[in-house]
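Structures follow.
In what comes next, chain A is part of two complexes: it sits with chain B in the first one and with chain C in the second one.
What follows is the complex of A and B.
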């Protein structure tokens, strides 16, 4: 394989991993629990900026060509961990404002506003994260390893992304199919029932808001390290919509489904548009990408609202079949 | 002091544009319970209708009237062709927000594909400048403020005293009771979408006149400020929307004069978040409380 092809494949794999991790974060919030987080992209951005600031070193060290709030030069896993912590903390703050007292579609509206405000602040307060120019020269942890070829370093980063995606996937399965996951699905399906069982729906929403925010931040951190730059134009509020489409297309609440949805929507559409015979006008291609994304959402909501790989339901009923409840069920079915 | 007064003057113009749009947004929400995130796209589309007519040689105010009608028709068409079928299909409110944002994305980028990423502007003279103490407003700005006052009063009077206005209010408070009392809900809902679209059309043209250059996504970008004004006033209350528009308009322009022009919207959103923390149902809260939107 030529170096260019290798780089192309590596890029696609990294983008898929990053988007799958992000989409899982949103799936936990929107798919499993039913929280409409229209500020989702803000948490990805928070992770990207944090990872950048934790690995760039002090702003003055790079000759002062870019300005940002604080800078540290921490070794490999710390910037990613820091990003997740900041993403979770920011989620906690915004969740406390929005999730406690508002109806779900109204929450969405308010979060949309918050997402836009954050972009305006990041663009105009240059001292925060270098304004609309954004941060650049963000170190890639694999590239700091000396004695390796550029391609090996690239594949090493791909390996890191795949490994993190698998770890997050395993954790997702553990969380979603645990008793706690049932509480979350209960919040989505019947809030009153959950409250009647003595669980706080608001607390559950806030918890998934924080976990999802941390996952969004992780995906943002990886993306920023891979691209090496991060600017407000990367996280305008419509970008959140791409993640929503990924979750809807894949199947709300379904872990494997959402992974497929993320790969198809966030990476597949963009690649497909490149090969369409409509010329190479970047504005037209971008517009077409958005139109396809929008249409796909409408088509799926109409024809297949459960998504490509629907969430498995009544999983626990099968297990119950051998027990007491099953005999009762058979009795009642027999009479 | 002079700076303050002239900032308030700009604020009144911004508030006028906001009020027209926010009343349209909130009125349609109160009747139908759907948060229409495609409202900004209706503004942009009708703004472009006015642009094409204006560049075909029509006076801008005539073009604005045409934009109002086409805005109403577009809004009605979106509801009949997309929203109502989805609601009948059994989609909940929660899903409807995603439907409306999909429509907004499709419209905005469809328009962008058609007209390109360039900036557009109307050919309309700003007109003579009038001076009231330290207020300086052009003729154009005065007309916009006049239209806003007229339209918001008209909507308020119609809601308060006409039969159809009462039907709308009834539908907003309790849809099934209104239907049981013989209100032709379908027709009233269609009318609400039409009126909302008309206000979006007028608001869109007024906005594009005020900021002088616009693109295919300007309406949707402004929608965020409209939402802020409507939420601040108490969602579903046209009176609240006017009050919210005044607060947001004046706070942003005074903030721009004294603090930082780029951060003026942040100030308005800061007010919004403060209000949400203390009184999430907004200033005029009846409908918001009724619908259990905020507690």
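What follows is the complex of A and C.
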């Protein structure tokens, strides 16, 4: 395989992993619990910036060509962990403000506004994260390993992304397929009833807001380390809707479905557009991506709202039937 | 409140030990006095009826007891401890469980899952348990499943255990809602017009079920429109009109009361 092909495949895999991790974060919030987090991309950005600031070293060391806060040169995996902590903490702050008192449709509006305001702030306050130019030369942890070829380093990073995606996937299954997940789905289905049954819907929302925010941050951190750069143009508010489309197309509340949705929507559309016989005008291609993304959302909401792989129905009838027999056996064996 | 009403009220409270004592409860919406100084008691182990014409404030009273509506004035004591102004989930922790006027299930959860959410909050449903203690909650859940299974048999819903609650008929949804409330083993069950939206064949089933709960000694406060049901099931009965309690007593006494007749005719 040529180096270019290898790089191409590695890039695709990294993008799939990053987007699947992010889409799972949103699925936990929106698909499972019903929180309309229209500021989702903000938490991905927070993770990307944090990972950058925790690995770039002090801003003065760069000869002043870019300005940013903090500036540490921490070894792997601390920048990733720091990114998740910051993403979770930022979620906690925003969640505490928005999720407690507002009705869910207003929560969504406030989130959208926060996302837009954050972009404006990041662009205009240059000292924060180098303004609209963004940060560059963000170190890739695999590239700090000496004595390896560029390709090996690349594949190492791919391996890291795949491993993290699998870990997050296992955690998602744990959270969703459990009594905890049942409470979360209860919040989505009927807030008043879940409260009447003794569970605080606000608390559940806040929890998934924080976990989802940390996952968004992790995806952002990996992306920034892979690209090596991160700027406000990466996280304009419409990017949030790429994740929403991934969740809706894949199947709200379905873990494997959303993984497929993320691969299709966040990576597949962009790749497909490249091969369409419409020339190579980048503006046209980008516009087409947005059109397809939007159309997919509409088509799925109209024709297949449950998504490609719908949320699995939890079946218990057989279990309680055989369960009775098993318990009786155990009892007779035990005595 | 009429003098006769006051007299009856003292009579009842002297007689029984009250699980729920509501005093001077009020809720105003702008200029509208939805509930205007309501006092009554629900004796322990009783099936108390709360009746009155439309707009009498019955559901608002229920909502305040359940914590869904914050009262402007007044006290709500459960077993002598105040629950006024608690959020609904905290009221539920104290054992105050309600059903809703429009059957309120979790539509995209199965019937079994609807019942499982009736289990009072337990250690197995935390984040850490979901990730690290799967074996433990799995074991505990089995006992819950058995209990739910028995309840489903009793409600004649076993064959629907794996159906989404949203796929059921109105009456069956009501049964699911009642089953979910029974799973909680409430100390005070608040039922808001449980016959509303239920097909005629299921009305006697639900009536029978509520009667059984009374026999089992559960304390129930039943808001109902249909006087026949209340007459058959409830004792005592509280009659409300225009945000106030007209009278509390036995159904026969209430029926004879001139103000009750007027309220029902006018309302």
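Quick notes
Operating definition for what follows: the second predicted complex is superposed on the first by the 316 of 335 C-alpha atoms of A that agree within 3 Å, B and C clash if a C-alpha of one lies under 4 Å from a C-alpha of the other, contacts with A are read in each partner's own complex, and residues count from 1 in each chain.
FYI, a contact is a pair of C-beta atoms (placed from the backbone, for glycine too) under 8 Å apart; a residue touches a chain by one contact, two chains touch by 3 or more.
Here the structure is a predicted model, which means the values were calculated and not measured.
By the touch criterion defined above, A:145 reaches neither chain B nor chain C.
Of the two partner chains, neither chain B nor chain C is touched by A:93. When the two structures are aligned on the shared chain, A:101 is found in touch with chain B, with no touch to chain C.
Of the two partner chains, chain B is the only one that A:112 touches; chain C does not reach it.
Look at A:190: by the touch rule set out above, it reaches chain C but stays clear of chain B. Shared-chain residue A:241: touches chain B; no touch with chain C. For chain B in complex with chain A, the residues that touch the partner chain are 35, 37, 82, 86, 89, 91, 93-99, 101-103, 105-106, 108-110, 112-113, 116-117, 224, 227-228, 231, 235, 260, 262-263, 265-266, 269, 272-273, 276-277, 280, 291-295.
Touching chain A in their complex are the following residues of chain C: 66, 68, 87-89, 92-93, 97-98, 100, 104-110, 112-113, 116-118, 120-122, 124-127, 129-131, 134, 137, 141-142, 145-146, 148-149, 158, 161-162, 164, 180, 184. Only residues 34, 36, 97-98, 101-106, 108-110, 112-114, 116-117, 120-121, 123-125, 238, 241, 244, 248, 283-284, 286-288, 290-291, 293-295, 297-298, 301-302, 305 of chain A touch chain B when the two sit together in their complex. In the complex of the two chains, the chain A residues touching chain C come out as 171, 174-175, 178-183, 185-186, 188-190, 192-201, 207, 211, 311, 313-317, 319-320, 323-324, 327.
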